[in-house]
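Note that chain A is present in both complexes that follow, paired respectively with chain B and with chain C.
Now for the complex of A and B:
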């Protein structure tokens, strides 16, 4: 019996559930995805301080915004995993921290149909704190052809990286955008072609400030927002896609 | 649905017929025409978003009598709406319809086309191209959002095109304008004879504007200024109540400017798309229906442009 299970409502479900708390959204993929992404013997609690924000409906199934705000979460995240329950490949990203913990993360995702979205944040004891949200959608975002590769000029903009650092009190927010089709591999004969790895470094430091691993639920031309608890250093962005293309860029200090 | 050929002789019978044939599944548009000034009629829809409750009747349509027949502005969201609308026009005026002007390619304005004689349908060439391009996708979306009200609705591309400029129909003088702010090709009809300005969706009043095909809020705002200079007395917005004077323009310009400013400022501050969708909306827009819903949509459509403009190109 796990320690956290002694708390509240979760106790009631212990005899019928595998050990996870109940899903307030009753998603059919609840336990399956928890086991798949966190492990079947992981400790999981719902936690309102993991503020996962998505719109109530997806205006564009191929570009649904997601912001994970951890400013109310009392300790640094050891690891974050996000997923979209009913997508063919639910995983969106996994975050691993560097020395400066992340306060806020944003990335657009695709939806195949109306679904719950999850963000799991691991604390120092190994417990996963879960934030959930629901987004309504007409769907088809995973199987719609990317706009980038439908554009005959896409190769000219492919790999274009834009960025900025924004100072926010004692924190720094990075906003980074890369032009990449992020093909999910689920459309006709177009093979999967997407950025798998993202890392941000302080200039001259071999240890990353953060690392992200992305999957096919990520939307094309990704726009990343990372807010870190630090002043803006000169930094270096590194990304690699599943075809081995590497994108590396340098970013000055605070621009605004 | 029976033919309308007898309607001139038997308007009352026709009305009964329309009512009973549609009542079977309970989905009946109860359209009412209001006469703004002699011979100029508006059928006002709600300021909601598409739903199974409203059947897509969220739009203002209109018809104007001339001494050679009736000029209709927009056909409504579905075949069923178009049929009820046509019946209403014919019973109200007792005249035949000479022109149906489709102001732009959005489904709530163009999906009632089937109910009218094809040779009476007119559209700007660029709008017609957009309808040909987007019509099927709009149609899928409409069936999803309003369901059975759409039954039997098919897209009809008007065979006739319009040119902007002075346009005479019988004893009425119109000015047709081609603008771009709402969809890239937006027809505005000014009835110079009566002083009624039919802005279609270039102007929303007490209803948040929609932007899925807008070339940009700055373009829209500039065109609105030009529109306002026309010597109009009444304004019929695409959505929201008919008004006398410039009150609708005031609100729309204020709202547009607020939106544009808010999106640019958010981009300069590095806000994420989701944070923008959650931004507070000023209290003075409390009367603007669907404002949060449309802020979510507009942010999706337009914020990426503002975001990119606020970022620097990072060299290799």
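Now for the complex of A and C:
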């Protein structure tokens, strides 16, 4: 009985394995992370319209800019998952949309060593469209002490949010920076302490315009950029860290 | 691939388990009956009255010598020092806090961690007396504890995820919280620390579900209490009626009286009992008067925080006697009637028995070998001060420093924070106490926000060559010391007693010890590897009786102990949780 079950599962996983395309970067974590973050029965295709931009070399392994440009992607993303293949905790963020489609997302992250970075965008059929990029790095970004930890007065600026909403021709650009150590928990004597949840709300609307779930790969004092296809509404940014601290910032209508 | 696929069904069943364990919510009834149920410990004090008595007798004076560790758990990281916590246990899961504001859920059968929560503390926290925490509270599906930056945290007891976090006070003013909060009548109740920084002590109640504040009661005369309805603060009377009755000038505004040890609750009289700490500053010449409600026991109405009565042990405290010690409710028979009493062993060296219905004084007596600062207590329990027993006024001296005095006990107290236990079988209190003295002198000082506010200098010295700690069995009806057990290092851990004729406590030398409750004979010792300054618990699981205690040297003694360092300087830090039971007969 036991043998049958094991055989059945093995057969199933073989068929699933056949479902993933080859990785042009030949990352050792390719299938493992696809299964972990998208599920082992997911349908995955490479797609150049998922434009993932990272610098060729990370000058600062603790602050690497990532931009996901979906201007060329023909339909609204149902869900987006990004990860950094060779980081100790690869997951970077998961995005869930509101009513207005996202055109562009940007967030700085940490790299522990030279690695491929992935962005998976799910379409309405449930298919995952993958964009990949490679960043070379000296490394160590996840296990180096944060700048915050060197500053005994860090709590004075902790949680300060700067930025606002800016109108563009056919969309609104939100650019926000929050002072937070985003400790990965991998530095001795410093517990994991990072923003887990980010949400953007239209004023008076309980349904978010977008939601992000972050992991420890996100960089210290993170800078978020979102571009949504909409008129700039009066809105509110809400964030909560794993210690339960909540940060909010009201954003003006057309500028701030 | 294969591993991953096979892992799936496991993940599903683990989820099902987590959901079903979530069904075991902790109720008001569980908490009210905590002292009578053997299979859980859901309150600090093993019952809200704080008697720390268990009716379990599977483990007893005859077989305790066979007690063996079943597992040990490390709190991890380099934050080893100062483990003063008491574990809680519910449905096979142990919940415990550790130093630096950490909390853990642990499988009580195996010692494996279920979750861990590490508060990220600001660098500017000001714990006067080490980075310790004394425990948490359970209610519904939440676990609560308080942090060194004076916040209350509610965690999902099954996942460890934060449900809410609320600041109780501003740590930059010197506030901290180290005591275990408690649940009384569906409210989460906490005190605050910070008496060395001129804060204003208070007791507050919160809604456990939301973290909304329900009432606040300052413990310094002159400050307004409030109840909160729909987010609005409604005045509920000034503590003590008005300002200035027992304090000169503006001194009440920074009067201390921190409620830093938490409280107990007596359902019989529906009363919360909180001890209050030293008045600020330590230099008593700057604040002539009784300085209410410092160094007192205050009885509060749990519904709105109103003060029912108070009993002050050290009026105009000039020695940091900081009488915050726990008040334990107990009944005894006398002249054919039942006396509803409560007892407390104060830092100042006196043991008090009060009528818990109105706070009136029944009797009091020294429980340490020598008290220098008072000749005794009058018929109302007020101390009769010794002439020249108070450190001199710097204003009367040449230079800055007032005349020093040798005072006994030292400010670390005849008994400090470590809770005593009351046995319903022997009718005795088991008091962890210390024999030490101090040189203390006063200096001028003025208040500055967030700075130490003492106006005193001091050095502690052992009173005897060969021992400082004394575990005492004290008869609250007669004041008799029925037995004593001397310990070389100061005792700094809590006590528990059981129907098995046992008394348990730990020592800074590292031992968990068990004594015969009637005779004081030492029956058992186990070296946990670091000083035991936590408080043991006992419970029953699968028909077997377990004992758990945290180990990890630290607390106020190594920081403030002066010449006591001679005795304790070789003790190493730890950071472990130990669990014991009798070996099971192989069937």
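The rule is short, and it goes like this: the second predicted complex is superposed on the first by the 237 of 256 C-alpha atoms of A that agree within 3 Å, B and C clash if a C-alpha of one lies under 4 Å from a C-alpha of the other, contacts with A are read in each partner's own complex, and residues count from 1 in each chain.
Criterion: a contact is a pair of C-beta atoms (placed from the backbone, for glycine too) under 8 Å apart; a residue touches a chain by one contact, two chains touch by 3 or more.
Given the structure is predicted, the values throughout are model-derived calculations rather than measurements.
Peer 1: Of the two partner chains, chain B (first) and chain C (second), which one does A:65 touch, if any: first, second, both, or neither?
Peer 2: In the superposition, A:65 touches chain B alone.
Peer 1: Output check: A:152 vs chain B and chain C. Expected answer is one of first, second, both, neither. What do you get?
Peer 2: second
Peer 1: A:233 contacts which: chain B (first), chain C (second), both, neither?
Peer 2: neither
Peer 1: Taking the superposition as given, does A:242 touch the first partner, chain B, the second, chain C, both, or neither?
Peer 2: So A:242 only meets chain C here.
Peer 1: Is A:131 touching the first partner chain B, the second partner chain C, both, or neither of them?
Peer 2: After superposition on chain A, A:131 lies in contact with neither partner.
Peer 1: Quick one: is A:193 in contact with chain B, with chain C, with both, or with neither? Answer first, second, both or neither.
Peer 2: A:193: touches chain C, not chain B.
Peer 1: Tell me which partner A:163 touches in the superposition: chain B (first), chain C (second), both or neither.
Peer 2: The answer is first: A:163 touches chain B but not chain C.
Peer 1: So chain A touches chain B in one structure and chain C in the other; where do those two contact lists coincide?
Peer 2: On chain A, the chain B and chain C contacts do not overlap at all.
Peer 1: Inside the complex, what are the residues of chain C that reach chain A?
Peer 2: Touch list, chain C to chain A: 1-2, 4-6, 77-79, 102, 118-120, 122-124, 153, 161-165.
Peer 1: Along chain A, where are the residues that touch chain C in the complex?
Peer 2: Those residues of chain A that touch chain C are 6, 9-10, 12-14, 16-17, 31-32, 35, 40, 152-155, 158, 181, 183, 188-193, 242-245.
Peer 1: Quick check: in the complex, which residue numbers of chain B touch chain A?
Peer 2: Contact set of chain B toward chain A: 141, 144, 212, 268-270, 272-275, 277-278, 296-297, 299-301, 304, 307-308, 310-316.
Peer 1: Residue numbers of chain A touching chain B in their complex, please.
Peer 2: Chain A reaches chain B through residues 53-57, 59-60, 63, 65-67, 104, 106, 108, 138, 160-164, 166, 168, 173, 175-177, 223, 225, 237, 248-251, 255-256.
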